[in-house]
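Look at the two complexes coming up: chain A is in both, with chain B in one and chain C in the other.
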Partner chain A sequence: MRLFWSIVGVQVRKRMAYRTDFWINSIVAFAAELGVAYFIVAAMFSGGDRVGEFSRHGMLLYYISVILIGKVVRSTDMEHVIAGDIYDGSLSRYLVYPTSFFFMKYATQIGSLVPSLVQIFLFGAWVPFVLGVPEGLQITPWTVAMCAVALFLGNALHFLVTYPIELVSFWADNCWSLMVLHRIVAGLLGGVLLPLTLFPAWSQKVLAILPFKYMFSFPVDALLGRVTPAAFFQGVGVAIGWCAIMACISAMVWRRGTLQYTGVGM
Partner chain B sequence: MIEATKLSKTFTTHKKEPGLKASIKSLFVRNTITKHAVKEVSFRVDEGEIVGLVGANGAGKTTLVKMLAGVIHPTSGDARVLGHVPWKRSNDFRRQIALIMGQKAQLWWDLPAADSFLLLREIYQIPEPKFRATLDYLVGVLEVKEQLTVQVRRLSLGERMKMELIAALLHGPRVVYLDEPTIGLDLTAQRAIRDFILKYREEHRPAMLLTSHYMEDIERLCKRILIIREGEIVYDGLLEKVVQTYADHKVVTAHLHKRPEPVKETDELRAMGQVEKCNDLLIKLRVPRLRVAEVAGELLKRYPVADLAIEEVDVGTIIEKIMRERSA
Partner chain C sequence: MMRYPRLFAHFLRFSFSRAMEFRFDFFFRIAMDGVWYAHNIAFFWIVYRHIPLFGGWTFDQMLVFAAGVFLADAIQMTLFSNNMWMFPNYVNKGDLDYYLVRPVSSLFFLSLRDFAANSFVNLLMSIGFFAWAIAHYPVALGAGPIAAFVLLLLLGCFLHYCLQMIFLIPVFWLQSTGGLREIFWSLDRYTGRPHGIFTGYMRKMLVSVLPFALIVSFPTYALFDGLTWALLAHMAGVTAAAFLIMLAMWSRGLRAYSSASS
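Our next item is the complex of A and B:
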């Protein structure tokens, strides 16, 4: 665990090495996304007071929550980093370290979350107080705790789904288009673009067994009190199941991929 | 310590002709070429030895190093480094080796080197007192104390290379692979790195495999060299023996007292050896080893010689010659 926290520490220091970027990422990017969320909600509610089960107020709270939570889940700084390491041969240095590459990269992506956590604590915490929590939703210490657990699992699951996709670089050199595809699919089926409850009734069962819901929608629903304790534990079980499946797939792809690795660029 | 037996590596890469038409075609059909980067290479390196791996670009030096460091898998053959199969990458193996790549930064670019060293302490699980002692020793020898807290990307190339060396040696590796450690450095920095490597070898006696394009690195650091040509080892032996074995002649230079007329390249001079240079100040001849004494005597007798030098042919020239011969 000492190594894990050391890697996290190095990444945190790295993220803080460039303070302009740090504050732009922490404040300006968040303000811009907040503006986008406001206009999306305004457009959605231009024809009436309710969309599905959401009031305008509830929808705004949902989007702000999903933006903040999405940043923690996605850890955008890490996108394409693993594929890049394989592509330009930087992986070689990790292969001579007496530790697991997966472990190092997971710890690194946890360290990359710092700006997102700053955003959550600086800006996210006061949103419910300013906007108020609309009728039908509730934020309590219990829902915050559920959200924290779901967020941890969502982040791990997102990393575990992304990891084998990035490892495709062992064969394809460049897998950028796959990453973009994954981002779009995960955003759509995970509830970032639209709340999943607005999807047709027939699709709900499918969405419930796919991994994407547990990356974004599930932590947000847990935070806003839209998940019963039973549904929460069931969701945690599905997320853990997906993590196990993806960990097995990752190990398999890694084993095969490193046989292909040529270390070009070294 | 390092033992390679019939080690081979074959790469398959895509081939694409230039032009738009070829680019479109390559979306559907791709031609591949197979390159035998390393062919049945066998050798061993013992404790305390620095062995130079010499060869032209693309000869297979780095591929060989990558296999022995466990970075890539061989196509066939076997290797044991400290008793381990490198590409199985056991942690016990990786704790005892270091790979220094002159062309690839291993430190965290955006952080001071001191931060990277702290992380490496955890990665290699180096006990704190040993870590402090080793770091102080390496920082002292390489004279980089002031630079420890400077962001790596702001360091000069020489300073960065010194930090890379520290990072690679902190855990006290028993086998060190040095891939072009002085590439791009100025002469002073090159000399500092060479001196350090020699000092480190004397004090710690690791097995070292060094690749370099700079003959001065090889001449200063290695008693033994491996010459690799198109993936094959064409020479494995002492550096001094290369000269004796492959240089069938020496260079005889006679510095003359100033003459009113330059020396002409006459038949008489050509009979002594291959004339490399002759003018009013000197005569330079390539002379077969067995005739050196005789030719030196002739020169002294026939010309107003002020000084006479008999030298071995430059080792770099000989190595180049070996590589040319084999390819022909």
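Our next item is the complex of A and C:
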């Protein structure tokens, strides 16, 4: 565990080294995403007070929450890092370390989360005071705690889903398109583009079974008090189940991939 | 005059033969864009299950707008994206020399050298989807408005290229465009939404100073409501201004460029 937190600390310091660049990107990216979401919501509610089960403020609160939670779940820095290590041969040094590559990369991911968590606090703390919490939603210490658990699981699940995709680099000359494909699908089926409750009724069971909901929509629903305790524990169970499945797939892909890894770089 | 089309033909031949060397990436980029098209259509389909109009447009009109977004994206990905991606690296490593010493426009060479063959397949797909959306539209639109749409869309694509270059050229001074490139792609989200949903100063900004909402939305607006001189002048004026700003920045950037090669 000491090694784990050491790696986390190194990554945090690395992420905060280019502070100006980091904060300019964060603020502009957040403002742009929020701007698009705000006007989409305004356009959707131009003809009425409710869309599905959402009020205008409720949907705005949902979008702000999903944008901020998405930053934590995705840990953008980690995209293509593993593939890059395989392509340029730097995976070789990890293979001789007395600890697993998976463990080190997961620790690096956790380290890169810290600035995102700071962003959540800075960009999100004002929201309940400015927008208020609409009727039907609630943000309490209990919902924040549920969200924290769901967020941890969502981040782990996202890592476990992208890990075997990046390991495709052992065989393919470029897996960038697979990563983007995953991002697109997870964005739609995970509730980033639109709340999942707006999807047709026939799709709800499928969305509940797939892992994407538990990356984005589930932590947001937990935060906003939109899940009952029973539904929360059921969701946690499904997320843990998917983590286990993806961990097995990751182990299999890693074992096959390292058998043919040559370490000469591209 | 024929030198540039001949040179571009060479770029095409080279790019197609190189694309087939990386077949996994070739086919998966086609799949990736196909899924991106589907996810955009799904977004509008779900929205229209709950509301009849979005940004003043019906679902059929939005399908045509979406087709325009796919066309613009495919043109950008086919002609410019690979080149734009590599441009900051050339500046930082001194590899820009290769382009500067050639007896052709360095901007032309740099911007169009790498033609993405896989994205060309997506361009064909997006043309097919556009044809379907037009055929599916309940009212016959006529050849004239469709021709005007295509011309304005091409103008919008050129504007998109100029905007992207404006955000990338500062690499000559900053040595890193990671931040500016991210800012550009953040703002590029506004291209995929109709300008009718934006209001007030935001709309004014998005059709003038940061004209991302102009690129596809104005051509689509012209297709449904007719092309007016005011719309044409607005779009042409903004595009010309962006082009001139880009040229000025490019010229200054080259003066600041210090080759790293020996």
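Operating definition for what follows: the second predicted complex is superposed on the first by the 263 of 266 C-alpha atoms of A that agree within 3 Å, B and C clash if a C-alpha of one lies under 4 Å from a C-alpha of the other, contacts with A are read in each partner's own complex, and residues count from 1 in each chain.
The criterion applied here is as follows: a contact is a pair of C-beta atoms (placed from the backbone, for glycine too) under 8 Å apart; a residue touches a chain by one contact, two chains touch by 3 or more.
Every value quoted in this text rests on a predicted model; they were computed, and no experiment measured them.
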First (chain B), second (chain C), both or neither touched by A:Ser6: first
First (chain B), second (chain C), both or neither touched by A:Met44: second
Touching partner for A:Ala172 - first (chain B), second (chain C), both, neither: second
Chain B versus chain C as contact partner of A:Leu181, first or second or both or neither: second
First (chain B), second (chain C), both or neither touched by A:Ile120: neither
Greater chain A contact set [chain C / chain B]: C
Partner chain(s) touched by A:Arg93 [first = chain B, second = chain C, both, neither]: first
Chain B versus chain C as contact partner of A:Val72, first or second or both or neither: neither
Overlapping contact positions on chain A, where the chain C interface meets the chain B interface: none
Residue ranges of chain B in contact with chain A within the complex: 11, 62, 66, 69-73, 89, 91-92, 94-95, 97-99, 101, 103-104, 106, 108, 110-111, 115-116, 118-119, 122-124, 151, 179
Residue ranges of chain C touching chain A (in the complex, touch as defined): 22, 24-25, 28-29, 31-32, 35-36, 39, 42-43, 46-47, 49-55, 176, 178-179, 182-183, 186-187, 189-190, 193, 196-199, 202
Residue ranges of chain A touching chain B (in the complex, touch as defined): 2-3, 6-7, 10, 13-14, 17-18, 89-90, 92-93, 95-99, 258-259, 261-263, 265-266
Parts of chain A lying in touch with chain C, wherever the complex brings them together: 21, 24-25, 28-29, 32-33, 35-36, 39-40, 42-44, 46-48, 51-52, 171-174, 176-178, 180-181, 184-185, 187-188, 193-194, 198-200
